[in-house]
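There are two complexes below, and they share chain A, which is joined by chain B in the first and by chain C in the second.
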Partner chain A sequence: MNSESRRDLLFNVLMNGAAPLVAILIAFAIGGIVITSLGTNPFAFFSRMFSLNFGSMRGVSQMIYRATPYFFTAMSLSFAFKAGLFNIGAEGQMFIGGLALAWVGFTFTWLPFPILFVLCLVAGFLGGALWGAIPGYLKVKRGAHEVITTIMMNFIAIAMVQYLVQNHFMNPDWGIPHTPTVAKGAYAPSLDKIIPWFPTGTRANIMFLVAIILAGLTLVLLRRTKLGYEIRATGLNPNSAEYAGIDISSRTVMTMAISGGFAGMATANFILGPGSHYFLKSEYGGIGFSGIAVGLLGRNNPLGIILAAILFGFLENGALGVQLYFPNVPRQIVEIMQAIILIVLVIVLELARKFLQRLQKRG
Partner chain B sequence: MEGITKRFPGVLANDSVDFSVQEGEIHALVGENGAGKTTLMKVLYGIYSKDEGQIYFDDEHVSIEDPKDANNLGIGMVHQHFMLVPPLSVVDNITLGSEIAHRGVLDREEGKRRIRDLASDIGFDIDPEATVEDLSVGVRQRIEILKVLFREAEVLILDEPTAVLTPQEVESLYEILTNLQEQGKTIIFITHKLNEVMDLADRVTVMREGKKVGTKGIEETSKNNLANMMVGREVLLRVEKKEAEPGEELIRAENLTVKNDEGVNLVNDISFSIREGEVFGIAGVQGNGQTELIEALTGIDRFSSGTVEVQNSDLTNADGRELREEGIGHIPEDRLDRGMITDFTVTENFVLGYHTFERYSNRLFLKLKEMDNHAEEAVEEFDIKTPSTKTLAESLSGGNQQKLIVARELSQQPKLLVAAQPTRGIDVGAIEFVHERLMEERASGKGLLLVSSELDEIMSLSDRIAVIYEGEFTGMFDSNETSKEELGVYMTGSKRQNEEEVRRKALGKVSLGE
Partner chain C sequence: MDIFTISTLLATIRMAVPISLAALGGLFSESTGVINIALEGIILMGAFAGTIITNATGSPLLGIIMAVVAGTGMALIHAIASVTFKANHIISGVALNLFATGVTFFLALVLTGGSQVSVESTLPKFLGISPIIFVTIAIFFLSGFFLYRTRLGLRMRATGEHMAAVDSVGISVTKMRYLGVLISGALAGLGGGYLAIEQANFFTKGMSAGRGFIGLASMIFGKWTPWGAAGAASLFGFSQALQFRISIPFVPDEFLQMLPYLITIFVLVGAVGRATPPAEDGNHFLKEG
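Showing the complex of A and B:
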């Protein structure tokens, strides 16, 4: 191995491995301080959290269930990132996609499994894709920056979904606003139906595998197809892409659509998976935004994103269970830690970059 | 500087280099790309820390750890890429970091006064309140020089100062540097243009592969001598060009016009034709419509009127893909911002623009194996120095990046090659290589449209030369019957030939040289 590739390896290890780990450790340390200040032993707290997640296959399964939607919204961020676009709109795309897939599920109730299930996923993808394509189109046609438009589209989506559910899909007798339930044909099989040794009665479902398959397909798309080549070229250098005869406008819109499509499928885990089987807006808030953190923590790499999504699932699942044991620690501690991870990560990455630059200067 | 050694991972950038400059001289530092010139100067200016060696200033041993130390000694550097804040005014840019203030209140008037004085001392006027982003590249460079002088530098280092300038701007830079010398300043300038060395320098130091080859007084050397020192072998400064054997007409372009968004004609009613085995050169100062003409011709931009016919099929405003399929290759003038994607591998760059061709992809998938095989053959054939075809293009040197682009376009065996500034910013060895390859294309009956701001290049490669000025052809010449001086007169617009005659000659209706 020559020294250049040694440096590249060092760069990779530092930026993609060490930096996220340091960020996670610091987040746990700060979380521990907060927990201590609440009069609870942080080691007892975290070890309980750990055993709730990893102590049994049921725990693992619940953790996977919680991790799955983050997987989708993080892929949404990362895919756009590969094309040089910063899609902050996963939240809105997730809501639009979620409502679309629920609507298909409770409307075409006569369709059998797996036709309805697949149709629901397609609807979720298309709903999110539409919501993502609009900022892409505005960028191409009017030069509107996608960060601004995707953020704005989030608010529109949230209000629109709220309105549609309350005024069109909801039975006024129900206490909380949600849609009708989807038909059986739309149910996502739980993981124990597919993996024999998986524990029964948990909510982990096939959507986790769907996410993994999609991540693999994305890699193939970007690395091995003509379209992926053009998407990457457009993202890395639009001027050179233009020189190469690539239609950068259509590639930008398409990238945003695919990115939005991933986010649009995020809630299938809740709506089609074991559980209430209806669209309940209040249950999903923040998953799109957290996807940004998961994507960045996973360094836009499929394996990294799985690990990061599982970490977020770990925290969330742990927070739900640990409340029984430590009632004086609010579950929001997890949100604090998620935020700290992101902030520290950004700082650590910047420090690592500086360190590598100095290394280069020293030679 | 004595025994300066600087190592980068895998590279010995400076290998115990001795370098000395006398007070009040203009000293040129020349060498091919990657010879270690800039590294040596960055060590002197404190941007890089040296691994070994000593620096003496006025016979005193000094330690320069960062640019502040260098500034305190009176050493200033004008970088190749300007370090200005575009939305700020000239005075704010120059005083930034060494503001004149009384009790914390900025004294901009004093700053402006000093800047005007400094500027007039070296022979130009400047409006200190102008906003930098509205100013031309040449003026920005002057601001950089003023910035250094404002900090009372006695030694000025200029890194390839002429690379970004038009010929007229180069002239006035010469004047400025001469004036500075008269004031007793010491100037070191890095370049690989030998003309500049001969015109300007008192002494010259040549570097090659991180080592110093030698230092010479200007009167005891010559361009050829320096070129040999730079590359360590004989180089052809003029390309061997065989007698032209023009064949059938390849491309016929008539009345081409390109408008910008405001409706101004950037290219105005240009016509020309190129035959097989012929090189049609377009000479001109940058910014006179060359870029627009070429980008519209190669499908990046559009003509607002006019026609382009290639072997009798209409290709006016065809897109880049169609043009490539018709056998029209394009070496763009901006290597990094048009010609390649630095974060792509060598292989990926090798198919850029041709990735939709059947040999590199089917309906959906890229043929990665074929891509790689072809790229490897090209790396071999064109002697591109890269660890592998999977290396990212960003880690190649400028000359090798350019070779990669040339390799890509020539490997597709185009009928017509549009080459814009094909040797800009690359070293003598690579220039020679590119020139030879272009001449081989000509010999094999390909047509070539060459745009260059290097008159030497235009003169030695072209068969017919058009001069472009403000979007129009102002003169048509046979390369055997003109001179750099004559072209220069037309390039500045001070003379123009009869419009009809230019058009007729450019379209080749009259055989030239009769």
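Showing the complex of A and C:
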């Protein structure tokens, strides 16, 4: 092994392996301290969380069910990153896409599976893509920075979805405004129908596989197609990309649209998967924002994102279950831990980068 | 329909206070070249700390002071991450916003058992107006003077325009940037304290509701000047004040709720191109050798 490839290996191990792990460990340590201060044994807390997730196949599938939406919103962030764009609008794109896919599901009820199911996914993608393309367009046409416009689009989406559900698509059965249920043809099959290891009645569903397939397709798109090359070139250096004849404006809008499309499919897991089968806004809040943390923790790499999404699924599923055993610890403890992971990660990454640079200078 | 009344004017000013303080905070931070989108979380943290301390001590003044302290503390984390460790300013800001959302909700549950906490006492009003409004106006006068007329203020702004030049004359870029970020945290924290203690009289999870981001948009609309930012913040304050004052037939409430955010986008679309941010915005200072 020559020194260059050794350096690459070291870079990979430190930046993509050690740094995220250190961030996760520190977050668990801080979480543990907080839990201790509430008078609960953190080891009992976390080991209960572990056994709730990994103690049975039911736990594992529940964890996957919780992890799946993060996978989509994290891919949304990472895809935009490839073109050097910071899409913080996954939250809004997720709401618009979610309502779009629910609408198709409860409107075209006569269509059979899998036609309706696929149409729902397409609708979710298009809804999110539209909501993502708008900030992209405003950036290239008017120079409005996407960080602020995507955040504003989140608030607009939330108000818009609330208006649409309450005034046009309300299911009057019970209290909290939600849409009618989608037709059977839109149901996402649960994983036990595909993979025999999963217990019957699991809520983990085909959307997890859809996410993995999409991640694979994205890799092919980015690495093997002209469009992917142009998107990456735009991200690496927009000036030289433009000089090389790439239409960076159209690539920017397209990247934001695809990125938004991924986010738009995030709630299919809940709406089409086993469960309630309707769009209920309050159930999805925060998944778009957490996707930012998942994408960065996964180092914008599909495999890393799967692992990071599963970690977030682990935390969320664990937090929901562990409440029965430790009711004095609010489950928002995991939200704090997720944020700490991200803060520590950015610091550890810079330390690792500095260390590698020093190493490189020494030769 | 009569919307241009004294009471609308007062409501506009009340609504504009947290936004304008966030805008001024963003201005201080960006004048040294550090982008601070953590302002949103800082407002939330200030609102929470202010509420809890006001209720615990019975003193809204202490509450306001703690809001400023909490905001400065959050800003310190942002400065450590983005100045000392040279992390991407936006990522650090996003992380802090997530942190503030989680931590305030968590602590509200642990300390009070609910996600909404009412504030038990407010500052004595002067002519029916919260004294923080006068404080805010004074802060704007002082900031204008400080940034354009004092040595330290000019040095901070120079840091935002050309770090290497500032460094070459022996001024610490790091110190200037820390100062800018910490002041921004103190101001946004004050805005948060005002929001909970004086304006809403309660804390509730996520109550910042985009005010930090709208503050940043005000800063941009105001072309990175204190009075421009104040003017833009007043426009947003007006649009929020309208929400509670008018109900137009056939226009759903949700559309009025969208108004501040829509205006923000229109402002960004219209204002950028005519205004220039500090040249070093978002850059890291990498010393040679």
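Everything that follows uses one rule, which is that the second predicted complex is superposed on the first by the 357 of 363 C-alpha atoms of A that agree within 3 Å, B and C clash if a C-alpha of one lies under 4 Å from a C-alpha of the other, contacts with A are read in each partner's own complex, and residues count from 1 in each chain.
Assume a residue touches a chain if its C-beta (ideal position, glycine included) is under 8 Å from a C-beta of that chain, and two chains touch if they have at least 3 such contacts.
Since the model is a prediction, treat every value here as computed from it, not as a measurement.
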item: Fit or clash - chain C, chain B, common chain A; value: clash
item: Touching partner for A:K193 - first (chain B), second (chain C), both, neither; value: neither
item: Residue contacts on chain A - larger count, chain B or chain C; value: C
item: Chain B versus chain C as contact partner of A:T225, first or second or both or neither; value: first
item: First (chain B), second (chain C), both or neither touched by A:Y243; value: first
item: Partner chain(s) touched by A:K184 [first = chain B, second = chain C, both, neither]; value: neither
item: Contacts of A:A233 with chain B and chain C, given as first, second, both or neither; value: first
item: Common interface residues of chain A - those touching chain B in one complex and chain C in the other; value: none
item: Touching residues (chain side chain C, partner chain A) in the complex; value: 37, 77, 80-81, 85-88, 90-92, 94-99, 101-103, 105-106, 109-110, 209-210, 213, 216-217, 220, 252, 254-255, 257-258, 261-262, 264-265, 268-270, 272-273
item: Complex contact set, residues of chain B against chain A; value: 6-10, 13, 47-49, 51, 298-300, 319-321, 323-324, 330, 332, 334, 337-344, 348, 352-353, 355-356, 361, 364-366, 368, 387, 395
item: Residues of chain A that touch chain C when the two form their complex; value: 38, 86, 88, 138, 142-145, 147-149, 151-153, 155-156, 159-160, 162-163, 166-167, 286, 289-290, 292-293, 296, 330, 332-333, 335-336, 338-340, 342-343, 346-347, 349-351
item: Residues of chain A touching chain B in the complex; value: 2-7, 224-227, 229-230, 232-233, 236-237, 239-245, 360-363
